[in-house]
Structures are given as structure tokens and as C-alpha cells.
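Here subunit A shows up in two complexes: once beside subunit B, once beside subunit C.
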Partner chain A sequence: MLVKIVERVKEFSLPGKASLVVILVFLLVAILAPYISIHPHNISSGPPLLPPGGGHPLGTDELGIDLWAQICYGARVSLLVGFGTALLAALGGGLIGIVSGYLGGWPDKVLMRLIDIMIILPDLPVMIVLAAFFGPSLLNIILVLALFSWVFPARIVRSQILMLKERSYIKSAETYGAGVWYLMWKHFLPEVFPLVAVNMIRLSGRAIVAEAGLSFLGLGDPTSKSWGLIIHHATNFKGIYYTDFWKWWLLYPWLALIIMVISLAFISRELERMVDPRMGR
Partner chain B sequence: MPRKRFLIVLLLAISLSLLLFGCGTDQARDDQKPGVAKGGEQQQVDIIRLAGGDWGYPSPYAHYPRGPGIFKMCLIFDGLLERDEKGLIPWLAEKYEIKEGGRQYLFTIRDGVKWQDGKPLTAEDVKFTFEYASKYPMVSSYIGSKDIEKVEVVGDRQVLITVSEPNAAMLYNLGLTRIIPKHIWENVDNPKEFTKPEAVIGTGPYRLTGYNKEHGTYRFEAFEDFWGPRQRVKVIEFVPVSEEILAFEKGEIDLAGVTPDVLPRFQNDPQYKIVKSPGFWGYRLLFNMGDYPVLRHKELRQAIAYAIDTKELIEKVARGAAVPGSAGILPPDHVMYNPNVKQYKPDLQKAGELLAKLGYDKLDERGIRQNQKGEKLSFNLLVSSGEVRLAEVLKEQLARAGIEIKVQSVDMKTRDARVRENKYELAITGHGGWGNDPDYLRERFAGRSRGGISPSASGLRGYNNDELNNLLEKQRLEMDDQKRKQLIFKIQEILAEDVPEIPLYYTTGYNVYRPAKYDGWMFMFDHHSLTHSKLSYLERG
Partner chain C sequence: MEYLFTIWVIVTLNFLLPRAMPGDPFLYLSADEGQEMARFSEEQRQYYLEYYGLDRPVAAQYLSYLSDLLRGNLGYSLYYNEPVSTIILRRLPWTTFLVIAAVLLSTVFGTILGSMSAWYREKWPDKFLFFCLILLSEVPAFLLGLVLLFTFAAGLGLFPLSGAITHFASYSSWWEKLLDILHHAFLPVMALTIARVGGMYLLSRNSMTTVLEKDYLRTAWAKGLPKKRIIFRHALRNAMLPIVTRVFLSLGSLVGGAILVENVFAYPGLGHLMREAVMVHDYPLVQGIFLVVTICVLLANFLADLVYRKLDPRIGDYSGIHGG
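Up next, the complex of A and B:
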């Protein structure tokens, strides 16, 4: 299994490999945050608005809280939101896709119309309303984001199932008396999993950006210290562009966000290329 | 060939955009030309633009109960008196007399005042206003339903108001109540819902000529038949602004608040003038003693006061532009400020002793104090999204004293509503009005609201101190200024000892404007904002 993964990774292009390394680094930073952050991430540890250097590698914000520590812990929030949303959306969407595709008939019709509605709904405005309505907390953000993300895996899985269930080996399994659950576990899931996995990576990138956006608008969890929230506080600092403070307070969380999202996009492209042979090699 | 054509099109597009751009800057330059004095010496200006935002429809019943909403309404509506730098000045009333030891007020209404629909202002309108405002309190209400006993019209230009009890603040309250036209409002039963164009007809210097709730824009035009001093500003516009200082630099707005960090940009440049605001806008920490009995312990509130380092709050959150809160509530800039009240210098040891005295002498594994029964000192702090940073510092400071704070942030209007309805445990609210007549202490601490919904008037539930209540009633009846000051001094001492709420700091922000464009800005004697004073836009004698 491990060998297989390594073999696959070897097929990655250079940006793909680099992206994978970046994501792994972010993962490590997130996991090891308490050990590598030097200073606490939620209480002040120095004078306010200290430029990078000295004891504070990336400087401090206006409350004197170390930015490096905030970015380390922010990576936790971003990754949690990203992968949490993707997992939830993929599970829910995958299940709905299988049900819709396998059963067909009116459940399929109802679900497909629901998906159509979800697709035309402009997601950001509705997310803003929902986030404001449910109140700011990390779990709510994940739930709201997942609510808007499940349609993509659902559609992909459904079309895949429609194709699979006409295959002769499925038909013969059915004639031998295979149940729905058996078919799902033994045949459907292994077939659709790679597709869903690719989609998950893309969804997590989207969720990270959406969380940052909601936090930036002040709808995130005010105590969670995500990257979006650091940017929110920095841009809310009156006249920040007329001072030097943006050079660290705004720049570093923004860079972290950009690098992570771009890396996820590259990885997702690489995986897509492998799963879907039609996309040019 | 196609390439050549493309180049030509590109060139055309560039020159066209340059042309348009040129026009734009020309226009901007026109706006910045200093107003030329016509006739008098005081410069006139065609248009002043200020940062907008939706603060409600500017009728006395529909605007939002905060400064920017109140003063927009005041541009349209006049009171019997007005505020200048030093105090109250006659306005719609030419003169006034206080009779019967403060029981009666005789106002002589100015002749020749016209409503913005052309009808003349009469004494009947004034009588109607006070009766109507007693029945339906205005948003920014100065009089309560039981304050006025009767209003009589004497002769054709005088109004005699008999109040239920003498009250030192009554002249201020009667004088600043906005006069509304009887012929429009007499048939209105639901003034809050009345937002027709007639609802914004007053006698004031400006007419509302545009309001967009969604964009938060307002446009006020000078009213030609205004009775009083000539308007120096023809049009006041409130425009949407995302970054105030950027908009000011680009000339999109004509006055901006700046933080000390940006101040050097404008200092030593003769083009700009910088004015510091007096500290009449403050933040206070509220305790809901009604629903949370633990907060009724004076020692707990004192311990919290000892645990808070206001200097750090000011340095970090206000960037130094504020004065620390006085435990006696009234700010240092207030005329009746008592400088000798007990002040709570940050002292964790004292805080700890006080908490231990209440039985909170053990720490749990997270360092939070708890008593024998295992009850922890943990509170929910309600703030608006603009005060999250303030709350974060506060949380850190209180954590050092073993008190846990959970920050709940909502938008400003929700916070205001929840504070009004007492749906909070601890809350931070910030508002102006700290420089007003000290009778506001009675509203806050003796639960005597005048019926308005202003955040500065939100009282405290579950707080009662008989001695304080007595003094608050006594100062109200005391018409002698010096004796009243003594009483207010005593009241501040009691408040400082009792800590029913903690004033955190009073902001003293900086305002910057271009005097060449317009220089009429002034502060009312008890207010923090240049743009809020009506006289800022009028010719001065």
C-alpha cells in the first residue's frame, strides 16, 4: 500500500511534489504548534506591533500577541475547517449520490432537483446569513460550509453509480442475491473513492478560503485565531496601510493562506490527471 | 494587419481612459477649491462630504439611537435651545425664564420661524410637541412621561411649561427636545412607523433631500427660509466609505478620525488641521446583577476593577488616544468631575484578597478561582464585533486574577438591543453622552429612564443603593450649582466605592480636516464630535 502511494507520488510533476511537501509542512506545523510556536498564541508576549526580528520571528499584532504563534495555531484551524468540511461533504454527498444513482425513480428526481437548487444558490451570501444566524463558532462554520459543498461529490458519485450499475458483474452479483450494502461496500465505494478523494482536496481548498472570508467579514469564531481572523483584525486596524504594520501583520497570514490554497489546487490537479486518463498527460 | 488594428484600438482605449481620468481629477480639484467668502467674512462651501452609514430615517422617532443618527435628525429639527462651546444658547426660544423655584419654565418663541413646508411655527406646535413627546417618547428622549404636568400657551408667542418636580437638568432636557409640527404629527398614532416625507419636516437649517438605507447615504440641503444664522455649507452629503483615511486623502470626505499611528502623516503639514476630541465617548463594563446574583457582591466587582489595567487597554486598543475611566463614572473633562474619588490602580494582590474573602480561594487546574462548592468565577462577556480586541485584552487581564471570561461577539445593533433587554451577564458597551448633565447618573443607577432607547441611558438591573438613590434624587432638586456640585461629588465617591459598572476609558481621538476647504468645525460643550454640532455648519456671530 505504502509502496503504491510512493509510486504514485513519483509520477507527480515538480509543482505537485513541491505542493505535497508544503502541505505536509503545514500539517506538521499544525500538529506541533504548541512546541514550535515559542510564544503563546492567545495572550500577549511582547510590546504591541513589534516588527519581525528579535524574539518574535514574525513580529506581534496590536495586542502584543506573537504572529508566528498565531499562524501556527491558525494552520490548525484552517486545516481542520478544510478537511473537516471536505470529509463531511464527501461522506454526505457520496451517500446521497449512491442512493440517488442506485435507487433511481422519484428519490433520484427529488435529490437532483435539490442539487440543482443548491448549485444556483449563490453560496457566499447565504453562508453569511447562515453564519450570522447560527452564531460564530468553528463547528457552525464547518457545518455551513459542508452544507454548500456536498452537491459536487454527490453529482459525480451519482453519474458514476449510474454507469456502474449497468455493468455485467454488478448485474450478475445482483442475480446471485447481493444486497444493497454488500454492493456498496464491495463494488461501489472502491470504484468511486478515488474520484471523491480528488474532489475532497479541491473542496478543502475552497473551504479554507471560505472560512477565511467569513472570518474576515467578522462572522468567524472570534476566539479561534484563524488566518482569516488575523487578516480581519489587521484590516480593521484604522489606517493600517499608512503605517508599516501591514508589512508583517497582514502579509504573513495572507502568504500562509495563499501558499496553502495554491498547494491544494496543484495536488488536486495532479490527482485528477491520474484518476481521469482523458485529461492530457 | 489584425495586430495593427488591435494596437490602434488599444491606443484609443488608453487615450479615452486618460481623458476620462483627467475629467475626474479636475472635478476633484474643483471640490477642493476653498470656498470664497460671499458678503460676510466667513467662507462658504458648496458641499461637504462625510463618512456615511445607515443610522435610520432622520425623523425624531425613526433614527437609530446613537450619535450619528441623532445629529442627522438634529440638522432637520430644532430645539428651543441649542448647545455651543460653553453651554446652552437661545434657539427657537428667544428667551426663557425659570419660575417658582424650578417648577415652571416660560419660553418665548421666536417670531417668523417657518417649517420646511412653508407654514409658520406657532406656540401651539411647541405645546403639541411636549404633549406628544410625553405620550410617545422620542428615540433620543429627554423627557419622561411623568416629567411634565402641563403645557400652556400664554399670549401668542409664549409657552409656560409646568414640570411635576423641580429638576436641575430640566432646562437642558426641555431645551433640547426637538420641536415637531403639529399639523403633520397630530394624526399620527404610530410615530415609529411614520416615515413619509412629511416626517422629516422641521424648522432646522437643513432639509433631507436624499436617503438610501442600503447604501447608508444621506443628502442634506440648506433650507432657504431658515430663520437663523446663514448656512455656510450648502449641501452635506454622507457617502459610503470603506477606509476613512484613504477616502480623506483622496478628498472623498472632508473630515476623518485618525489614530495616533497615522497622525505623523498629517502633522506639520499646513494643509491639514488636527483637533483632539474631548473624552466624552467611553466604554463601560456592565454587570447584570439582576439575573446573576454573584455579581451583586461589591467585593467581586471591586476585584474585577483591580484586575483591569486600563492603561494597557488604552495603549493597545486605543493606541494611546484615550483617558482611563474614572471609577466615579464622570469623565475628567466633565464640569462636575471629582478628581479625589477612589481609583482602582491595577493590583492583582488586592483583587486576590477580595476574591478570597468571598470564598473563592482555590484554583482549579486551569487557574480559575472557585469556592468550596466548586462554583467557578467564569463569566460570559457580550461585546459587539468592534470590541473583540478590547474583550481579548480584558480576558487576558482577568485571567491573571483567576477570573475566566468567555467572549461572545455579536453585531452592534444586536448588542445594543441585548443590553437594553438585560440579556447578558457581563457586557461592554461604548457610547457618547458622558459629558451631559450628570442627571444621567440617576438614569443609570437609580433606574429612572426617561423612556428613550439610547445606549447611554441603559440602566443597571438588580442594583440598589438607598443612600445613592437619595443623593441622586436630592441633586435633581438642588437648583444651586455649587451645592449640586457637592452632591454630585459625593455621588461619585459612592459609585467609586460600589463599582456598579466600570468605565474602561474615554476616547480622545484625533480629527483631521483641510481648513482651506472648510474650517467651521466646533465642539458642543458636552460632546465629543465635530460633525455632530449643528453650529459647525452655520455662520457664527
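Up next, the complex of A and C:
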């Protein structure tokens, strides 16, 4: 599997390759955050609102906390929320898709109706209400996001299973007495896995944006220094519109978010095109 | 049917949430800000429990909650000292205005650009548009809003920084007021529109490409019909159906975007109000907004279903043949 992926990467277009590099860099930054951040990310390490340069490569915020350190640690939050949500949603959605597609009948009907509704419902108001009542924590945010994301892998898996069920090799395996679990492991999972894996990248992009939005409102986890939270503090600073502080305080977390989200989108687009040539365009 | 069921589930969840909340809601209601904890004697406590109806069985509380809702009573906002429904009704038009304007503009521009792309497929205008709009479609609306705010409002001073109308202004005529409102709404609507136009573009490009390859279009060309007529009467009309569906399906995410964008521009709609309500722990108001927003989105989709059945005769009536 892994070798196949590496071979595939060579077929990436230029933006795709660039995006992959960007994500790898973000991953490295997130993992190495304590070693490359120079200054602490949660306590003051210099005069407030220092422009970039000198000891602080990206300047400092209103409390004198180094921005580069905050961005390094923010990458951890974003990636954790993104991949945590995607993993949960893919597992849950995948399971539901398999049940729905393989069993058919009334469980399928009920689940499909549920999916139709979940797609329509706006997720942000729900997240705000839950954050208001249960207190915002990263775990809560991941759980709610997963609750709203499982529908996409579920749909993909279901349609794939429906298609596979009719294939002659599955039929013949069944006549030879293959059980449900055998079919699952030997035939369904290997076929379905690449599609779900590709979808996970898209889901993590969505989750990262959603977390940033919630933090921007000031409803994210206040203990995690996420990029959205930096933007929240910056935009709530009284004189931000009339001074030059936004040129580093707001700009760098903004850039980090945009670059991360667009890179994820480009990678998933590229992979979608490869896994299923009809889906890409 | 399923819409009614969903609304019931949401309403019930809304009822259960404060009761599942960790901690004693009683303390939240009675403690003042800054005060660590309100101290009440057992008698006072009993009195307030009775006053809020919290001493009755949960089923009875649920029933009275439902009957209150049906009469449009969403509770009382402790912070604003007004009924929740009154506050929401005052703010709702602003949000509706933003959302509808963004839907219309993004659909129109998305369809035009998508059709152009499909027309020049694989030539440079298509490739250029495709790349630009894919990039745009991934940028969330509130991040776009921040850019617009800092360049056009704060930097160039072309637009107001916040609000929906100029406070304490007196207008000599109604169109002057309208102009003021549009001036304030321009940037928020732009942010929402730009963030959405990419999605609509991709969809209409796909839809248009499929339609352009259909046999009836070849017939139209062969008949020597004018180009304009072919594009608008024959191609676009048929390509519109999936676009209309998508408009309503993605309404939920657009509302989410509007909530964030309102907060970027301090636009006095429901999204801005919701955040304020959370910040001051005004739980009845938070719940009221949540209910209203969700039910509005569901209703819009329900209406869309009805309209869609009318537009596409193939999925028209249940009794007939299920085509397509």
C-alpha cells in the first residue's frame, strides 16, 4: 500500500507536489514545536507588539508572547483536530456505510434518511450551543465535528459496497461459503479503503476550518493556542484597525491557516482524481 | 414527514441540553457576574425551583416546554431583559438579507463563469478560471472577510468598519437609507459570495459540460438556431436543475459562514447576537437562536423539495413512473 502511494506521488501535478511538501513541513513543525519555537508559546518573552525581526522572527502579541512559537504550537492543534476528526468520522462512517450497503432493507433506508438530514443541518450553531453548555474543549470539538462528518465516508462506502456486492467474484465467493467477515476483510475493505483514506484528507481540511471558526468566535478551547484563537485575540484588540499591528499579529496565523487548508484541498483533489478518474473533475 | 421528525428531534435535544449540562443550572441563573456563588436558604431554593417549574416531573416540564414553543414563546432573556422571540425577530432580517444576497449573487456569478468555462473547455479561459476558482472555493468566508475588512474598510476607508446602518443618522429619503444599508452590507455579502462562488462554478461547469454534449443540442446547432438562444434556452435551462438543488443543500454551511462573517464585521444579525449571548451566559437566548436558525434551514430545504418536484417533471409524482 505504502509503496503504491509513493509511486503515485510522482504522478502529482506541480501544485499537488507543492501542497504535499507544505503539509509535510507543517507536520514537522508540529512535531518539533518545542525544539524550534525558541521562545515559550504561553508566557511573555519580550516587549508587547514587537514587529518581526531581532529575537522574535514573527513579532509578539499584546502580552509579549512570541508569535512564531504560537504558530508552531497552533499547528499541533490544527493537525490534531483535523486528523482526529477525520479518523473518527472515517471509522464510524465506514462502519455505518458497510452496514447500510451490505444489509440493505430497512436499516439502509433509515440510515440514508439520517444522512440526508445530517447533510442539510448547519453544524456551526450546534457547535456553538454545545460549546456554550459543556464548555469548549478540544475533545468536545473533535466529537461534534466527527458527528457532522461521518456522512461523507458513509455514503462513499455504501455506494461502493452496493456496487461490489453485485460483482461476480463476490457472488462466487459467497457461493463457496465465504462468511460476512471473510468478505469484509478479503474483498470489501481493500476496495473501499483508498476511497475513504482520500476522503479523510478532505474531512480534516473541513475540520481545521471549523475549529478555526469556533476559536475565532472565542468559543474554542481557551487552553489550546490554536491559530483561530490568535486571530480572535488580534481582532478583539481595540486599536487593531488603526495601527500596523495586524501586519504580523493577524497576517501570520491567517497565512498559516489558508496555506494549510488550500494544500489539503489540493492533495485531496489530486488523490480523488487518481483513485477515481470520474470523480476528479 | 422526515422534516417534521427532525424538527422534533432538535426541539427535544434543545430541551434536554440544559438539563444534561454539568453543574446546577439553578446556580447559573441566580449567581451574579463576579460573584462566586449565590447563597440561598433551602426555603428560597424551594421557592425558585417552583417558580421555574423545576420541581415538576421531567415529562410535565417537557409538555409545557412544547406548548410554549408552539405559541412562539422561546423564553425570557435575562441579559437583555426582553422575550427571546422579540430579540430574535429584530435581528433575523439582517441575517436573512445577508444570506439571500450571497446565495443570489454567488449562484448568478458561479453559473455565468461555469458556463463560460464549459463553453471554452480545455482552452485557456477554462484553465485559468478553473485554477482561480478552485483556489477561492477552499478559502473560508470569515478569513476572506478579514482580508476585505482590513483592505477596504480599515486600510482604504471605503466602507464602514462595523454595523448595518449608521447610528443616529437622519435620512432625507428612503433611498438614502437604502444606500446606507447597502454600503454597510457590501463587504459581508462579498465575503460570503466569493467564498461560495467557487463551488457553484464547479457545479455549473460540470452540469453545463454534460448538457452541451447532449443530442438535442446538436440538433439545435443543426437547425441553425442563434448562439444566444442555444445557450440560454436549450443548454442553461437544463443545466440549472442540479444547481438549484445544490443551492439549498449547502444552505446550512452558508448559514455557518454567515454567523462567522457577521462577527468579522460586527453585523447585527443572529450570528453576532449568538456569540454575544454565549459570552454573557444568556442560555435561553442561545437556545432560541439555535432553534430558529436550524428550523429555518430545514424549512428552506423542505420548500426546495416542493419546488424541485415542480421543476423536474421526471421526479414529479410518486404514483407515476420513477424516471431518471
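Throughout what follows, the second predicted complex is superposed on the first by the 275 of 281 C-alpha atoms of A that agree within 3 Å, B and C clash if a C-alpha of one lies under 4 Å from a C-alpha of the other, contacts with A are read in each partner's own complex, and residues count from 1 in each chain.
In this section, a residue touches a chain if its C-beta (ideal position, glycine included) is under 8 Å from a C-beta of that chain, and two chains touch if they have at least 3 such contacts.
Every value quoted in this text rests on a predicted model; they were computed, and no experiment measured them.
J.: Look at where subunit B and subunit C land on subunit A after superposing the complexes, then choose clash or fit.
T.: After superposition on subunit A, which the two structures share, subunit B runs into subunit C.
J.: Which partner chains sit in contact with A:241 here, subunit B, subunit C, both or neither? Use first/second/both/neither.
T.: both
J.: Touching A:138, do we find subunit B (first), subunit C (second), both, or neither?
T.: A:138 contacts neither subunit B nor subunit C.
J.: Is A:222 touching anything from subunit B or subunit C once the two structures are fitted on A? First, second, both or neither.
T.: first
J.: Quick check on the superposed pair: does A:124 touch subunit B, subunit C, both, or neither? Answer first, second, both or neither.
T.: Touch status of A:124: second partner only.
J.: Looking at the overlay, does A:184 come into contact with subunit B only (first), subunit C only (second), both, or neither?
T.: neither
J.: Answer with first, second, both or neither: which of subunit B and subunit C does A:87 touch in the superposed model?
T.: neither
J.: With both complexes superposed on chain A, which partner does A:259 reach: first (subunit B), second (subunit C), both or neither?
T.: A:259 sits against neither subunit B nor subunit C.
J.: Hey, is it subunit B or subunit C that touches more of subunit A?
T.: Answer, by number of touched residues of subunit A: C.
J.: Could you point to the stretch of subunit B, among 326-334, 344-352 or 416-424, that collides with subunit C in the superposition?
T.: Stretch 416-424 of subunit B has C-alpha atoms clashing with subunit C.
J.: What part of subunit A is shared between its subunit B contacts and its subunit C contacts?
T.: 132, 135, 218, 241-242
J.: Could you please specify the touching residues of subunit B with respect to subunit A in the complex?
T.: The touching residues are 243-246, 257-259, 261-262, 265, 315-317, 319, 385-386, 388-389, 392-393, 396, 399, 407, 409-411.
J.: Quick check on the complex: what are the subunit A residues that touch subunit C?
T.: 113, 116-117, 119-126, 128-135, 205, 209, 212-213, 216-219, 231, 235, 241-242, 246, 250, 254, 257-258, 261-262, 265, 269, 281
J.: If we count contacts the way the header does, which residues on subunit A are in touch with subunit B in the complex?
T.: 42-44, 48, 62-64, 132, 135-136, 218, 222-223, 233, 236, 238-239, 241-243, 245
J.: Touching subunit A in the complex: which residues of subunit C?
T.: 2, 6, 17-18, 20-22, 134-135, 138-140, 142-143, 146-147, 150, 153-154, 161, 206, 249, 251-253, 255-256, 259-260, 263-264, 274-275, 278-279, 281, 283, 286-287, 289-290, 293-294, 297-298, 301
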